[in-house]
Structure formats: structure tokens, C-alpha cells
Amino acid sequence: MSAISTLSLGRVFQTSGKAKEVRALAGVSLEIEEGEVRGLLGPNGAGKTTLVKILSTVLLPTEGTATIFGHDVVRDTAAVRAMIGIVFGGDRGLYWQLTARETLEYWAALYRVPAKETKKRVGELLERVGLADRADERVEGFSRGMKQRLHLARGLVANARVLFLDEPTIGLDPIAARDFRTLVKELKGEGRTILLTTHDMAEAEAVCDRVALIDHGRVLAVETPASLARLVSQHERVDFELTGGQEAVLPSLRALPGVAAVNPGPDDNSHRLELTDGAALGGVLQLLVAAGVTSIRTSRPSLEEVYIHMIGDRGLTV
Amino acid sequence: MNALRVFRFGLLVGARDFASFWTWKSWCGGWMLRILTTVYLWVLLGRLLASPEKLHYLTVGFAATAGVGMFAVAAASWDRLEGTYPLLVVSPSGVAPSLIGRMAVWVFSWIASAVVTFFIVMLSFRWRVSFAAGAAVVSLIVLISVSTFFLTVAVGAVAALAPRSRNMCSFFVTLSIAAFCGVSVPVDFWPGWMQPVCHLLPVTHGLEAIRLVLDAAEPGAVLRKAGLETFVGLGWLAVSLTILTRFADAGRRDGSIDLE
Amino acid sequence: MNHPLSGAIPLTALLRLVVATAATQARLFLRNTQEWTRALMMPLQALVALAVLVHSGRADLAGYALTASLLFTIGDMGFFVGSEIVAGDRSRQVLELLIATPAPYFVVLITRTLLVAFLGLVGFAEGWLIARLIFGVSIAVHHPWVLAGALLATVFAAGATAVLSAALFSLARSTRTLQNAVNGPFYLLGGILVPVTFLPLWLQPLSPFVFFFWSAGLVRDSFTIAPVENIFVRLTVLLALGVAGATAGGLVLGRMIGHLRRNGRLGLV
């Protein structure tokens, strides 16, 4: 049985604007196995949070079905709620007047964690997320990173089998985000199923087993991060920088069999060479070295490139 | 001149604040219903005391000051809460014209509340007010509202340092008006040491002027009281401008002005 | 990993939820300056009432001012603090997290509103102290058990009714607009300062539907020497109005949450 399963899940919102209806989700069918970390990648308004809300029983779907370990999110709400934890990002979802410990103790009561177990579990969670020495300080004094860790601890207080992480690293500095990802990997190691919505490509590549690209309420692709990269380019690319006089190598490169294109790169003097045949890589490298080029790097397409390639460049439109 | 321009924009922001609280319907139906019922709540003490004089005294006091002093103090804190305060401080115009403009919108609500309440309540008890007296009362209500406004600017400037105290500060303004400015009891009811303080508060002299008008006193006496009310109001204006400037400077020194 | 859930909540878990929620609400209240200062500020209105009475040589009516002090405070706790609970949870984006837990939100909400109403009892103590310390007037309680019953029943009625106002206010475009509109009429009709017999005749039939009316009558009577009449009936009506408020509140809340789940936002239409 899949941990999370949706079949043709859809959600339409009624609006008072010009468009009477907004389709936030359309025909979303996903299977997420137990212990998997699935990323949900998409721009603002793609439907990521809508999907999380349906799966966490806060919102009803208008079409299709969704189950958590076989329990329908509409009909078996109580059973579903006992199995899930929700982790927000940012400042939302916390009572600033409570301390970290009080927040977790309260949520333990809401999740019917037996009184005898609460103190111990709360202590362990605070230790685990690195808040043990700040446990009795109020949330209002916490940094963004600390709040995020408290969110995660709160999501774990009922020992949830399934966790929904809704943009959990938004606004975090790189070190805090990295620490958070480490925690997520630990949770995966415990066999928990995690659905992670994010804009952060590095995060998706670092922690997700598979990534679903979503846009306009539809799932565009579900693949491992590496497989997604192959959607943009099957082979490695070669990035290199030319200094004075080395431009002469460019026509020779373009003429090599297996080379698709050589285009200017984002920086001055940088270039990117795309291959159609991986076997041509050796020849390309030999030519560059012979020309005296020293700044050479090979890479595969990043998730960001996949994202932009598939979803498109919207500029600042959200 | 630029201060006036900034003041007008502050007024615009204040008008939008007002519109987020009240539509015309909800102001007339909801707000005025609250104001009228609250005034009657207090005024009926006169009936409990079986005293027509007390009933008249309370009616004039509470009706003429109905709604005066509310919301403006809280409005002084909204720039802090919204994060625009530091931007105002560092602007060449400073914080005063914008803040005062934003708060000033509520004066119009006070004037409207008090004028409407005064005539409704007076008529409900069948006390007639001549046209001339009515015009004088309206003018004095405007004067009271403006002088109270300058007090609220001073209080608001203090409240803006600790935005969480804004509602408490606002309450103390309205309570002080009701208790110490001759609204519910004459000023001389309070201990001797308090009376000079009462005379330095807005409303005290202006309300006395209103009572003189209704008693058909000679115009000179009314004008003297109105003059004192004006003087008190201008004094609070000076105090409020001083506080605003000093606090902005202090904030820059002690780093209490956040950029986030 | 989790213990299994049935639809019904076991009694021990329910009690634990109530205790934990009450403790949390107490912390939220006491650590929110704006809220606990309200509880201390509202009774100061007794100052104005007592000044009028004492100035008129009627310190014997000080019980009226004390009654008003209590009901202003409990009323404020209900209309302003209790009623903001849902709107506050919504603005902090905690509401959806609470709904997604196994805990019934109605139980969470009524526990919080009852606690807040209970804290409003400070209005009685503070009003009594104002009368004593500032005006030298000692208000004797001639029927302490009547007073105790009236206070507890008032707390229940106020907290229960606040569930209804909390649910309704959370739907409003601006909670502040509603809060600033409703309290005046309720206080006047309830006769919290002056008995409703001094209101116009055409208004008086509305008063018995407002729980303040029954509270004010019982509390004022507890200060008088004369025997208090119909105690049981009056207390029962007061409690019944609270039950009615809670029932209506529960129904509105259920519809509201259903609406939230169906439409992704709060609203009844």
C-alpha cells in the first residue's frame, strides 16, 4: 500500500473576480511509497499548497480521491489526522507568546499523546532539533531558523508516519537550510514518508528521492532529480572560459561530430558546449586543452534548468 | 509647505485606515448604535438618581464628547507595526507631518459622532436647543475635538514607542475625559491637587463653554472658556511636536528603530 | 507509531485536552500585554460611575457601579478577547493546524473562551477596591452564595456566548468593526449599570434575551439586605442562555469549518 495516493485529484475554487472559477489542481495522480521523500516543485500558485491542504484534511477536493495509508482523507478524516504532521515555513503557525516547550506540550495534548509520554518526548524532540537550551524561551525571540526547527519538532510530536513540509526553508540562511536538510534526511532514515514543497532546487536535489514538477495544478513530470535533468539534456555539458586569442578554437569545436552547439555563457568569456553524443566528450576536452584552455568544467543540467525549461520563464509574474 | 503636502498624504493613509474599519453603512448603523447606546447607558444614571438636573448634566457631558478621543492613539502606532516608521524617520520631512495626518482622520469621526449624538439624545429627552445655541455647540464640539486631538498626538507618540500599549493609552485618554474633564462630575469634585491637572486637559473648558451656551450665559463668558480651550489645545500641540522630534532622535541614538 | 483513533475521544484524552488548552490560553492571555491590560482597565469605568453616585450623595447605590465594573470586564473579555480567538488563530495561520489535529475544535474554543471569561472576574475585585480605596465606600455582600452562583453562571454564559461571537467575528472582513459595534447595545439592554426599568418601555421586552440582564439583577440583589427572589429560576435562565449561545456557536463553527474545508476560506456563503 502506498503511503500517499491520489487519483485524478482536482480542486476548483469559486472566486468573485472576473474568472468565476479557478482550477488549482487538475487530475493529479501520485503514488508516494512509505519512506520516500517526494519533492513538489512549482512556481507560486502552481497548486502545491492546495495539494498539501487536501492531504492534511484541511481542504476538501472537488474531484478525485486521496488516501493516506489507505484511509480516505474525506471519509476517514480522524484516522488520517492521527497519522500526519504538518510543518510550515516562516513565521506563520506559531503562538509567539509560548515557549518552545509549551508549544510542543500543547500540540502533544492536541494529538492525544499520553501525558506520561509527553515530557520525555518533548525533551527528546527539543534535543533533536537543537532547541534544548532555548526550550523555555518564548518563540517571539527566536530566529527564523529556530522557528523552523520548532515547526519540525511540532510536526513530529505525535510521531507522525507522514510529514508535509510546506516550503520549510523559506527565508533561512544557507547554513540553517543545510542543517534543516540534514534533519530531513534523518527522518527519511527512520522510514517516515515526506512530501516537501519547495522553490529551492538545491534542497530538492539534496533530499528528495523523486521530484514532481507541478504547474497550473497539473503534474508535469515525476522523476528522480537525475532523471529530470536528462529531460533537458541527455549528456554532460562542458563549460569553459577563453582568454585572449583562444577564441580561434570555437569553430573547431563546433565542427566536431557529437557537438550540438557552443553558446556564450552567463559570464564574460564563458561558453557552454552541448553534446548530442557522450562519446564526443573526450575529443572536446582534448581540443580545449590543446588550445591552452585551463578553466573547464563538465556538468549535467540542474533542477533549476529543468524547472525553467519545463515551466518556462515568467519573469516576476506570480 | 512640504510639511502640508506630507500631512495630506498622511491624511490619505488615515482615510484608507478608516475605510478598512468602517463603511458608511457600518459607521452609521454599527458605530453610531454603539456610541448612542453607550451614552444612554451613562446618562440614565440621572434617572436612577431621580434628578433631572443630574440627567441634564450627564446628557450634555457624555453626548458632547461621544466618541471623542477614540482610535487616534492606536493609529499613531500603526506605522511602527507596519514597518513604515523608520522610513518616515529617515525622510527629510521627518515623522511628524505624516503621523499627524494619519491620526487626524479620526477627528472627523469624533466631530460627527458627538454632533449627531448630542442632538439625538437632547431631543430624545425633549430638551430644545435654539438654532444659535446649536450652532455654537457644534463649533465648540469641533474645538473640543481638535484640542483633544493634540493631546492624543502627544499620547500617541509615547504609545508608538511601545505599540502594545496603544490600546491601554487610548483607554486612559477616554477614561480621563469622562472622569476628570467635567463630563460626569464637576472638576471641583476631585481633590484640590488634581484640579489644576484637570484644567490643563482638553475638553474641560470647552465643555464648560457648552454648558454656558445651553444656560444662555453671556457670550463673553463663553468666549473666555473657548479661548482657554484653544490655549490648552495649542499647548498640547507644542508638547506633541516636541515629543515626536525628541523620540525620533532618541531612536536613532539607541538603535530602537528597526528596519525589519 | 501512533495509537489508533476512533471517532470518539476517550474521556481521559478529553480532560487532558481541556486542561492543556486552558493552561495554554492562560499563558497566551497573560503574556499578551494588550489582553491582560484590558482586564485591568475595564473595571476603571467604575471610577466614573462611583464619582457620579458619590457626588450625588448616593453612595448606597455603589453596588450598581460594582455590578457594572464586573460586567464591563466580563463583557469585554467576551466581546474583545474571546471573540478574537478564532480570528487570531486565522491570522497567525494556526487555525488550519488546529483543525488538522484530532482534537475537536469546538472543545478547544469553548475551553479558551470560558477561561478568558473567568479571568474577567478580576473586574469584581478591582471595582470593589476602587470603591474602597478611592471613595472610601465599602460594598457589603449580604448574599454571598447568590453572588458566587451569579458570578460562576455569568462566566459560563459569557464564555459560551463568546463561542458564537468568535465564530461570527472570524467571518467578518474586519473583526474590529464588529467588536466596536456590538457591545454598547448589549450593555444597555442588559441593564448592567442602570436597571432596565429605566429604559423606554418598548425596549424592555428585549432585555430578558440578553444574559447580562439576569447577571446584573442577581449580582445587584446580592448586595441588598432584602431576600433575593427566584434565585433558582434566574440562575437556570442565565445558564440556559449560555447553553443556547454555545449551541448556536457550535453550529456556526461547524458550518464555518465545513466552509473552510470546502472552499478554502472562511465564510457562510
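When the chains are written out, they are named A, B and C in that same order, and each has its own residue count from 1.
Please note the rule applied: a contact is a pair of C-beta atoms (placed from the backbone, for glycine too) under 8 Å apart; a residue touches a chain by one contact, two chains touch by 3 or more.
Bear in mind the structure is a predicted one, so any value in this text is a computation, not a measurement.
Q: Report back the single chain whose CA centre is most distant from the CA centre of chain A.
A: Greatest centre separation from chain A goes to chain B.
Q: Which one of the chains is closest to the middle, using the mean of its C-alpha atoms?
A: Chain nearest the centroid of all protein C-alpha atoms: C.
Q: How big is the gap, in whole Å, between where the Cα atoms of chain A centre and where those of chain B centre?
A: 54
Q: If you average the CA atoms of chain A and of chain C, how far apart do the two points sit, in angstrom?
A: 46
Q: How big is the gap, in whole Å, between where the Cα atoms of chain B centre and where those of chain C centre?
A: So the centroids are 29 Å from each other.
Q: Which chain B residues reach two or more other chains?
A: none
Q: When you check chain C against every other chain, which residues touch at least two of them?
A: Not one residue in chain C touches at least two other chains.
Q: Where on chain C is chain A touching in the complex?
A: 1-7, 9-10, 13, 16-17, 19-21, 23-24, 27-28, 31-32, 92-94, 96-103, 108, 260-264
Q: Okay, in this complex, where on chain C does chain B touch?
A: 33-34, 37-38, 41, 44-45, 47-49, 51-53, 55-56, 58, 61, 64, 174, 176-178, 180-185, 187-188, 192-195, 198-199
Q: Quick check on the complex: what are the chain B residues that touch chain C?
A: 20-22, 26, 29-31, 33-38, 40-42, 44-45, 47-49, 51, 54, 58, 164-165, 167-168, 171-172, 175, 178-179, 184-186, 189
Q: What part of chain A is in contact with chain C in the complex they form?
A: Residues of chain A touching chain C: 11, 13-14, 50, 53, 56-60, 78-79, 81-84, 86, 88, 92-95, 97-98, 102, 105-112, 114-115, 138, 158-161.
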